[in-house]
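Same chain, two partners: subunit A is paired with subunit B first, then with subunit C.
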Partner chain A sequence: MTPVTPKSPGVVERRRVRVVGGLPRPRPSAGSGARRPGNRTPWLYLAPALVVLGGLLVYPIYQLGLMSFFQYTQAQVSGGEPTTFEGFGNYAELFSDSQFWQVLLATVLFAAACVVSTLAAGCALAVLLTRVRAVPRLVLMLAALGAWATPAVTGSTVWLFLFDPDFGPVNRIFGLGDYSWTYGRLSAFFLVLLEVVWCSFPFVMVTVYAGIRAVPSEVLEAAALDGASQWRIWRSVLTPMLRPILMVVTIQSVIWDFKVFTQIYVITNGGGIAGQNLVLNVYAYQQAFASSQYSLGSAIGVVMLLILLAVTLVYLRLLRRQGEEL
Partner chain B sequence: MNLVRGLVRRPWRLAAEVSALLIAAVVAFPLYWMVLSAFKPAGEIESTEPRPWTLAPSLDSFRRVFGQQEFGRYFVNSLVVACTVVVASALIAFLAATAVTRFRFRFRTTLLIMFLVAQMVPVEALTIPLFFLMRDFGQLNTLGSLILPHIAFSLPFAIWMLRGFVKAVPEALEEAAYIDGASRTRFLWQILFPLVFPGLVATSVFSFISAWNDFLFARSFIISDTSQSTLPMALLVFYKPDEPDWGGVMAASTVMTIPVLIFFVLVQRRLVSGLGGAVKD
Partner chain C sequence: MKLSRRLPALLLAGLVVTACAPQTSDNSSSDKDEKTGTLRVWLFQEVGNQPKEKVVDSVVADFEKAHSGTEVDVEYIPVETRAQRVKAAFNDPKSAPDVIEYGNTDTAGYVKDGGLLDVTQEFGDWNESKDTDPTAKQSVTVDGKVYGAPFYVGVRALYYRTDIFQELGLEVPRTMAELASTARQIRAERPDLYGLVVGGAYTYGALPFIWANGGELATGKGGSYVSAIDSAAAQKGIKEYTSLFGDDNCPAAKCAGMGGNDTITAFASGKAGMAIGGDFSHTAVEAGAVKGKYAVVPLPGVEAGSIAPAFAGGNNIGVLKSTSHRTLAVDLMEQLASKQTQASMFDAMGFLPTFADVRQEVSAKEPYVKPFAQTLEAGTKFVPASPAWAQIDSSLVLPTMFQEVVSGRKDVAAAAGDAAKKMDDAFGSAG
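And now, the complex of A and B:
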């Protein structure tokens, strides 16, 4: 076959250092296709992805939007009544419902709390990882990977069991008697938050840690030679270099935590007592599949979609401002 | 990093190491408690004085889990769904990532932005239209209704992440291959594919997890034919809010978590280097 086959890890390693280090790098030349303009090959390669995404992502989004403008309940699903065009009727109904606003507020506050706690825990532990020797690092890394790997459903049931008023160890350790965590609104949200942070901080920790490790040691040495203090190195050298990575993990966390479903559904048993722990996602699901209000559920889905789209646009603007090349 | 470490004085490092170990213990505690409870005899689980050990480990809970319903079948179903999703999305994403990194063509940047935006789409919001789509194609109650959406939803992230790995393969290599007379297809599968493989493994973690953990689709699309259920649904059989069978829940959770743990440990190193490269590139 070919005479040159470089070992792939080396390739990855080299690129990581160069790229994450944020050093000026030569713009990659245009792909080989540039020499053959009008080539159909890329579209051939893209075809399977585009077909799958078109059918199972774009089309459902279109359907979601469409449904939110129609009256679509159990009667229409079974074919008993014709579907009628409602215009913005569903949205009007939604926006005049005080529960919707309450759920929206809860979703935003809950997601914000999750993002802040996850980032704080993840970054702090990533820094901690760089300060310890191999054995404690491996132990912490393995524990974090375990939490990361735990499926959301099992994680939720385990945390529920840990905080169980009758048989859970947490209430015993802290002497809380038979205090029920899922009964109160805030304590239930707090329990869900703990589970969410537990299973999502490892992603932040591992990513930020990989980023810190990828900073070339010459840069740090140069800073130290110039007489920069520890704190100064962190603030003026590492933080700017890590900014792209921090941005990615922040955006990812916002997106994940805004869409929390399983944890709320399992821990608060479908949204808590009288729906006190509903977030948009669970709310839409309950409207659609529990109350058969498919069009209302779709309208909530559209609202979520628009909010996340706004977040994405902010992200894209930030990327562009940094001069990222896609 | 030696330098950074060198700047920290000894006592600080000791304190850092002790706290790292303590935090590791706290983080691992839920998993420890899960496995422990799965092995505890019934009397000890339903005890108001829970102890962090057991002197009489028993397999009763596991027996109950595997005895009740068709747990083995659910396990196989979950495995089929997750593996199909991993293989299919890896292959499709590899082709697409090659297209967007190795070629320049019209709408390339637009497509990339679309892939980025697609990652943000709340999967859960699409459950409603997908439900009707699956119904219209007669796919409700089949494993296909779980596999297809998961392939679609794991693709954008996989493509985005693989891009970095494909880019890392030097272009000179491609030219050398063509000069040696390799065809485009041959270059793609015999040279590029093996080189990008570590990246594919790192990427597949995410598709594996999303498919293996899926709860929402299983709950919404597998409505009447329980023989097509997957593990997350089976787990909830034991969890009844009023009177949960904690032993059963913990045993089922253990069984469900172990394959993911194995998968993670296997790809752990590639994951770290993969994330370090991909998130930035």
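And now, the complex of A and C:
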């Protein structure tokens, strides 16, 4: 990468911020003492935001981490028994539990399927939005916003009714008799996936649509004049130009879908037959709140946090590498 | 990004620097014993709560008259959120009530949480307590100490459709084997009905099958329980219950996920020939499509004429450890759980009294109580009085076991073995 000096203006300055986010700090240069005062100013401006974030984010996470190192159940909270330090005991218990690994695997696969489907649906509909007339566009927008605005519990309940083996219209329309969607593991996950995609594609669609609208039309026109197909335009013109937006929606989707709770909880009635549809968040809820094992639940929370951070960092890094090759 | 990258470092630094533990509240028992002031009471909000409020109001009025300078403030808390409310009360003794109603399977857990007051002495001195039936007393007892007074009991029995039995020329089953064959016969002749509606998540409907075959959930006393769910006798019961799931009675695809309420709903709406329901389900069934077309008998045991041991559910009244009105609160507990209150509570709400003599009186008045009273007299069972039970219950160990067998994922031995291991883990960690 090109070495950048902090005084470089404009575009280069922007790139430097990304370097700090994604990679270790650049080697300190020899004259670091001289630019100290200048470096403090951004922190001063950031201070109010950092204080708020610190209170709302760091402190709860600190408590979460703290709890995960103790034996901390309802008996400890209400003072029935003394709190004991367990070290990594909760983590050891968690990692030796075969169910945890099954749930983790299911969560990763399920989240990956959800992210891919959501992005595919969202991007496809965003492109469609740019190519239809005003009235269908309005209808599509309204439908998407309706799905977006529906609370997850309501959406899941309606979904459950639609696919009900006895009274649901879906089985009646497709002539599936009294097929029970929530009985099989895959069909239950598929049902939840449909609901998750339904309620999260609008965010992707609206964001990507806004991005496409901001792309200068002469670029697209030039591509079209050169005879590029719609798919080719998307792949070679729009995707590179929309990279920052796609990055944001992907990371958002990864985080959302990894943390999916309501849909699983409602549709599969708390984790499905014999716990077959448990995902990490529902599992953590069962451990932490239903069973009052707050410390074990916290340990699951910390593991989730670390996984999500790792995914995000790796993703950012990959994006940067690609960016440099282009 | 900047912030999140620093988090692990901050976290570690925080842990290293501070030797502090997460917060706990001081829930030691109060040494105050005030003889006047306000007593706060939490009771459960039932469906159709008015009659209950009336009975409670008259008890409270008498109590306030007998103790001048005291006031009783009764609050009805929703049943669904009771766990959070009670936990919150334990966490913050200052805003906690003095007297609470609680589900009897929660007793051991609440005691371990340090929330309930030991009233062994007062319960022994109470002149009415000698008539309390043994299972009800067991449900307020942990490690030989008494932590409340039983308020009412609930047991389950077999509901069946008289019209369908007549139409198909069926006899009321007298053994568990007959129960299964009768169920299949109903399903065979009336495919639109479940024979006996069962649920994979209906733990308390399944337990009688295990107990009737001589199985136990766990063996041991006090703090040291060992799971017995994988014993040969228990496995026989599990097999008997899970064999009821299938296209010839209650299709697994629909019934595996059902809980107790789902089975009652199915029966009440006329979708089942038989169901296992409680005395507390009476109102729901009466309000359904099958009103006047059903009867109730005790759930048959293995031998002809025997009754399968039922689970003795129900609620208790207890005093919180943090109360500053110990004497008054215990007295109010006794008034709320007295013979007289329980008799009027039965008239008002249909709650079965925990006193054997009172129960006999009321079942003479209301014939529908008879099968439930018979079930109680034949001997009931209770879940292990261990704080681990709450954890076993909420982490769905038994429903998971039944569902694994029903869906064909594991055989009975493997599923029972796994469940036993999970139960032992819980017993081990919760002590």
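General observations
Following the convention adopted for this analysis, the second predicted complex is superposed on the first by the 242 of 326 C-alpha atoms of A that agree within 3 Å, B and C clash if a C-alpha of one lies under 4 Å from a C-alpha of the other, contacts with A are read in each partner's own complex, and residues count from 1 in each chain.
Definition applied: contacts are C-beta pairs under 8 Å (C-beta built on N, C-alpha and C of every residue); 3 or more make two chains touch, one makes a residue touch a chain.
Here the structure is a predicted model, which is why all the values come from computation and not from measurement.
In the overlay built on the shared chain, the residue A:A92 is in contact with neither subunit B nor subunit C.
Using the contact criterion defined above for the overlaid structures, shared-chain residue A:Q76 touches subunit C, although it does not reach subunit B.
In the superposition on chain A, A:N269 contacts both subunit B and subunit C.
Set side by side, subunit B and subunit C differ in how many residues of subunit A they touch, and the one touching more is B.
Using the contact criterion defined above for the overlaid structures, shared-chain residue A:T41 touches subunit B, although it does not reach subunit C. Touch criterion met: A:V248 reaches subunit B, while subunit C stays clear of it. When the shared chain is aligned, subunit B and subunit C each come close enough to touch A:L309. Contacts of A:L105 after superposition: neither subunit B nor subunit C is touched. In the superposition on chain A, contact of A:A152 is made with subunit B only, not with subunit C.
Contacts of A:Q293 after superposition on the shared chain: subunit C is touched, whereas subunit B is not. In the superposition on chain A, subunit A positions 20, 53, 57, 61, 63, 67, 269, 305, 309, 312, 316 are in contact with subunit B in one complex as well as with subunit C in the other. Residues 1-6, 8-9, 11-16, 19-20, 28-34, 39, 41-43, 45-46, 48-49, 52-53, 55-57, 59-61, 63-64, 67, 125, 128-133, 136-137, 139-155, 157-159, 161-162, 164, 166-169, 172, 198, 206-207, 209-214, 217, 220-221, 224, 230, 233, 244-245, 248-249, 255, 258-259, 261-262, 265-266, 269, 281, 284-285, 288-289, 294, 297-298, 300-302, 304-305, 308-309, 311-312, 315-316, 326 of subunit A are the ones touching subunit B in the complex. Contact residues of subunit A toward subunit C in the complex are 20-22, 50, 53, 57-58, 61-63, 65-67, 69-70, 72-81, 83, 85, 165, 178-180, 182-183, 269-275, 286-287, 290-293, 305-306, 309, 312-313, 316. Listing the residues of subunit C that touch subunit A in their complex gives 1-5, 7-8, 10-11, 14-15, 20-28, 87, 90-91, 109, 111-115, 200-201, 252-254, 256-257, 387, 390-391, 394-396, 399-400, 403-404, 406-407, 409, 430.
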